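Written out below as structure tokens is the structure these notes cover.
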Amino acid sequence: MSTSVQASTTDSPAVPERELFATMALIRAFETRVAELYRDGEIPGFVHTSLGQEAVAAGVGEALADDDYVATTHRGHGHCLARGMDVDAMMAELFARGAGICHGKGGSMHVADPSHGVLGANAIVGASLPLAVGAGLSSKHLSQGRVAVAFFGEGAVNQGAFHEAVNLAAIWSLPVLLVCENNIYAEFSDSRTLTRVPSVVERCAAYGVDATAVDGNDVAAVYELASAAAARCRAGEGPFLIEAATYRWHGHYEGDPQPYKPDGEEASWRERDPLEVSGKRLAAVGEASAAEQATLREEAGARVEAAIERARSLPAPDLEEAYADVFGD
Amino acid sequence: MSSATEAAAAERRYIDALNEGMATALEEDERVVVMGIDVGAGGGIFRVTKGLYERFGPERVIDTPIAEMGYVGAAVGAAMTGLRPIVEIMFMDFVGVCLDPILNQAAKLRYMTAGALEIPVVFRMQTGAGKAAGAQHSQSLEAWFAHVPGLKVVLPATVADARDLMLAAVRDPNPVVFVENRRLYGSKGDIDADPLPLGKARVARPGEQVTVLTWGQMLRTCLAAAEEGDASLEVIDLRSLAPLDMETILASVRRTGRLLIVHEAIQDFGAGAEIAARVGDQLFDELRTPVRRLGTPTVPMPFSPDLEKALLPTSKAISTAAEALVAEG
Amino acid sequence: MSTSVQASTTDSPAVPERELFATMALIRAFETRVAELYRDGEIPGFVHTSLGQEAVAAGVGEALADDDYVATTHRGHGHCLARGMDVDAMMAELFARGAGICHGKGGSMHVADPSHGVLGANAIVGASLPLAVGAGLSSKHLSQGRVAVAFFGEGAVNQGAFHEAVNLAAIWSLPVLLVCENNIYAEFSDSRTLTRVPSVVERCAAYGVDATAVDGNDVAAVYELASAAAARCRAGEGPFLIEAATYRWHGHYEGDPQPYKPDGEEASWRERDPLEVSGKRLAAVGEASAAEQATLREEAGARVEAAIERARSLPAPDLEEAYADVFGD
Amino acid sequence: MSSATEAAAAERRYIDALNEGMATALEEDERVVVMGIDVGAGGGIFRVTKGLYERFGPERVIDTPIAEMGYVGAAVGAAMTGLRPIVEIMFMDFVGVCLDPILNQAAKLRYMTAGALEIPVVFRMQTGAGKAAGAQHSQSLEAWFAHVPGLKVVLPATVADARDLMLAAVRDPNPVVFVENRRLYGSKGDIDADPLPLGKARVARPGEQVTVLTWGQMLRTCLAAAEEGDASLEVIDLRSLAPLDMETILASVRRTGRLLIVHEAIQDFGAGAEIAARVGDQLFDELRTPVRRLGTPTVPMPFSPDLEKALLPTSKAISTAAEALVAEG
């Protein structure tokens, strides 16, 4: 049950590695600066960055069609960027500006852009799962062929919402792609101590849902698997779970001193930097030299810098915003 | 002439009117689905959804596992993405296992996305004591939902409203908590030609001396009290707690100078308190007597029918309280 | 993982089949009369009988030590009787009498007797599981060697509470015995349609918890397995799950017309009446002849009849009971 | 002399007083355990339980997976069977995933078993807005719990109460909802020599013209208003909503003739309504002016710090409202 989707070189589309790299570069630049801006007090609230996990967001994001749905978590910036959320509007949101994508009412933990299928980051662990199941139900009911993706961490797997939602996706055979980013930690805890079965793929057998583990720091592998899985969903074969092994370079939240990370662990993961894994391949096949990669990264940095400058210059929301959008009519 | 139209002429039961409301909603809008435990093939544990499965099929009338967090969350996700689910929580007490999708998702995501997400979902919940169902199957928790911005809360007390408020709730672009009282299921009445909109209270019986404000199953008890007692009572059926039709309430109390609020829910910190507080403030100079409340005392609902009866407000207690107010000033 | 506890004839205690038979006879008599009394309106509220499932209650009940804990469900009469709950006090409770074991405040869905370790029937599907995990935590923390049993139906397995609780029992290695009575149905639904993995034993692998299926209509098999499992729990080897295949002869609730049961299904299960399965063995080994068995059943019937007579004669609770026991001091 | 006693002399932070209360409880009673997500090795996400794990070990200070329904339910089960758990729900908003054990189990099982079960459990929840945490991490839902018979609800506003109410809650034989406001964690103050019992309100500042009743974090704002404004305010720190100390409230309002209730929670259907309703009734003839309330308007809490600030009651708004009352009559 755990390997029924293989990244087969014959069926799969060619891997758009250059685009994947560029997306990762954008996420890297965005998260790096957000961490600094948060430290410096320019971004308020809670912030959870996905530095080190860029390949999952980019690989899955690129594998989806434009109108597919994504429901994500407190650590959702990368997923949003990979789905094409406007960098300016997103940065402005983190800055709590009126021109933010949610008019300053959502913030980092709630950035959303339904026009890009992004149903939102979510501050409740596990909440993305039932919501994505609902989106999958809509897609099936309305015969839209849209895939609904739920991103979640391995920590969320212990939540009842995971259990109930995966079972529903299974019995209703919904086009739901379950993407677990297993970054080892849930806050300060090593998730391997919080279950006897740390493999999410194995746990998934309880629902009769096919699942495959993938190297979450290898964007091409993620892309190939996600493409195949999305195609399967679209073909009406029901849900599929991807467990992407990855690592968050930063703390649970920005500022977390991370005493719980054993010596050397982070360093060894940083050695497998998703951008370098991909970059090596790009250089090897001659798709993008080191210099070209540096340019892509600079462009990403400049894009983010421009968004920051713009965000800084924008005003806070009008006070009327506080009272708007509670109800529709 | 459809069978629904024919039926409109005759007297029917509350439960049939609910069913008719759902049937009409399913008929008039493809996007409407009904979801819940045994609402489909089984026709509902109380037979409220009887026949809908046969008529609209398993894709529109969807049986779920016992997994409220999952399927209520899925209903919310489906509502964000184009469906208009009517989802049943069999007993209101069971919100203990599935509040998050109501409290943190449905109620808030329109606001947090600055209106980009619309969440037209109806949460049907059956409520109430008086059937010896015990403390875990007898609670009236409408005050909780009224306290949550972003939720509408309706409580049909009449056969007409069972249908009309159901239809209004389904057509509403917002999440609506729809509270059915089990003891009303067998009650009979006519359907109004002209439905009152959601959000308007109704003067169920005009009177002169005391305004008696109530909702749900207690309406019958209050009407009985009006018949039995000596004081002239104006009985108002509130119909919805959110929106709260203060206009109708204030107009009545301005005339009578006295207000008695009656509900089945626990009196302490119940929804009656809000109305008492508002009227006490807004009509401070016009009230002849203090605003009084009559609800259930602060105890879990006991199983014993005798104890249950002793705790719930009776028509006698209502008329006595009303007469006491008249005597007071 | 699914067969690590075997009913081995060498280690196991001798099966006290006569006692097991007597316990089953008591449950059978009790439930049979309760069903009638409910139909006749002598017992109020909701009633769910366990007719046909007696072997699970008796087998597990007898395998436990006097101070072990039991948390059960809406269908809990059998479990309570098997744990030695006083028949008089229990029947009086179902009659909502002041002398009931819960003073008439609990009823069928909430009978409890902490003095016999019975933490109570429970009207919330799945709630028994976290409570039993807590009892197991107490036992371990206080080094009491008490086993905590959670009874639950296969329908509860789809609830988040199951998932979370089993995982907790596993990681904390608690003396928790999980007993799933798989009677095929959850209310009106065939549970095999509500999951892709109908075997609870299989689903249990997701938690790394050992589990064994057993013929739930064979009281000796249940007893042997439960004895071995309880011994394992007591020895500090952590939780264990038993999946007992059985069948409820009656409807979900008394009065349920049961259109969902296929022709012949109930009859074929009635052919494997747990009392007859055990009775045949008793007769074969000469432990109790058919006549002696009839006497045991008559005695059980008389015991229940006496409890009914007594319950009928008892008064309802005093009204002060309604206000007592909300808080302790 | 223990370090706790030494510390008692000096000024300390609210967060340290909470920690000290838990430490003392763990010290004085073997049966006390602390449970929650990262409360152990990690010392708590806000460091409230810092050092307890090192001092009392992993068996007493227990880390849990992200599985609130499971571990909160287990805490309730443990409380029934001999332990006295202090269980943390990290943000009050998360009760959406774990209300059942609080609402239907802890609050009701003593009553339903006619006192046979005692459930001494403390539910710690951190609450409140003002930190740009967004709508899913900023709610004050104390009114919900006060509406549930069988729960005590305490809300320490001062450093002294952080310790004293914690100890009182742990020693209480009933389930206690213990509400901490994150914004108070860093506030400083002394420990009282003579703790006020749980259930008594405290006159925090005597005054003549208007009684200002509040709790939790708003106490500081009300005290500031008393300093800044022109009216003479008597500020009462309610400390607990259940029990509700009407005596202290009525005595004060009898003298001042005016009452302003201030809370951070949504005003509509908030806890202030109950007190307003009671005072309006009981002091109908003595009130000089209507009872006024000041809470958050009926909108989800926006992320933007500017909007958040605009919605929360300020000292200016409080003194203005109080002055308006004085002007009114």
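Of note:
We call the chains A, B, C and D, going by the order they appear; numbering starts again at 1 in every chain.
Here is the rule we use: a contact is a pair of C-beta atoms (placed from the backbone, for glycine too) under 8 Å apart; a residue touches a chain by one contact, two chains touch by 3 or more.
Small disclaimer: the values here were computed from a predicted structure and weren't measured.
Interface comparison, A-B versus A-D: the higher count of C-beta contacts falls to A-B. Farthest chain from subunit C (centres taken as the mean of C-alpha atoms): A. Mean C-alpha positions place subunit A and subunit B at a centre distance of 40 Å. Centroids of subunit B and subunit C (each the mean of its C-alpha atoms) stand 37 Å apart.
Centres computed as Cα averages put subunit A at a distance of 45 Å from subunit C.
Touching of two or more other chains is recorded for residues 64-65, 67, 69-70, 93, 96-97, 100-101, 104, 111-112, 134-136, 149-150, 298-300, 302-303 of subunit B.
Counting partner chains per residue, subunit C has residues 102, 105-106, 110, 122-124, 158-161, 163-164, 167, 171, 193-195, 321, 326 touching two or more of them. Contact residues of subunit B toward subunit A in the complex are 31, 33, 59, 62, 64-65, 67-83, 85, 100-101, 104-105, 109-118, 149-150, 152, 173-174.
For subunit D in complex with subunit A, the residues that touch the partner chain are 37-38, 41-42, 45, 63-67, 69-70, 93-94, 96-97, 131-137, 297-300, 302-307, 310-311.
Subunit A contributes residues 44-46, 93, 96, 102, 104-107, 109-110, 122-126, 155-156, 158-161, 186-189, 191, 193-195, 260, 316-317, 319, 321-323, 326 to its touches with subunit D in the complex. Contacts from subunit A toward subunit C in the complex involve residues 158-164, 167, 170-171, 193-197, 202-209. For subunit B in complex with subunit D, the touching residues are 69, 93, 95-97, 99-104, 107-108, 111-112, 134-136, 141, 143-144, 146-150, 241-242, 244, 265-266, 268-274, 276-277, 280-282, 284, 287, 289-293, 298-300, 302-303.
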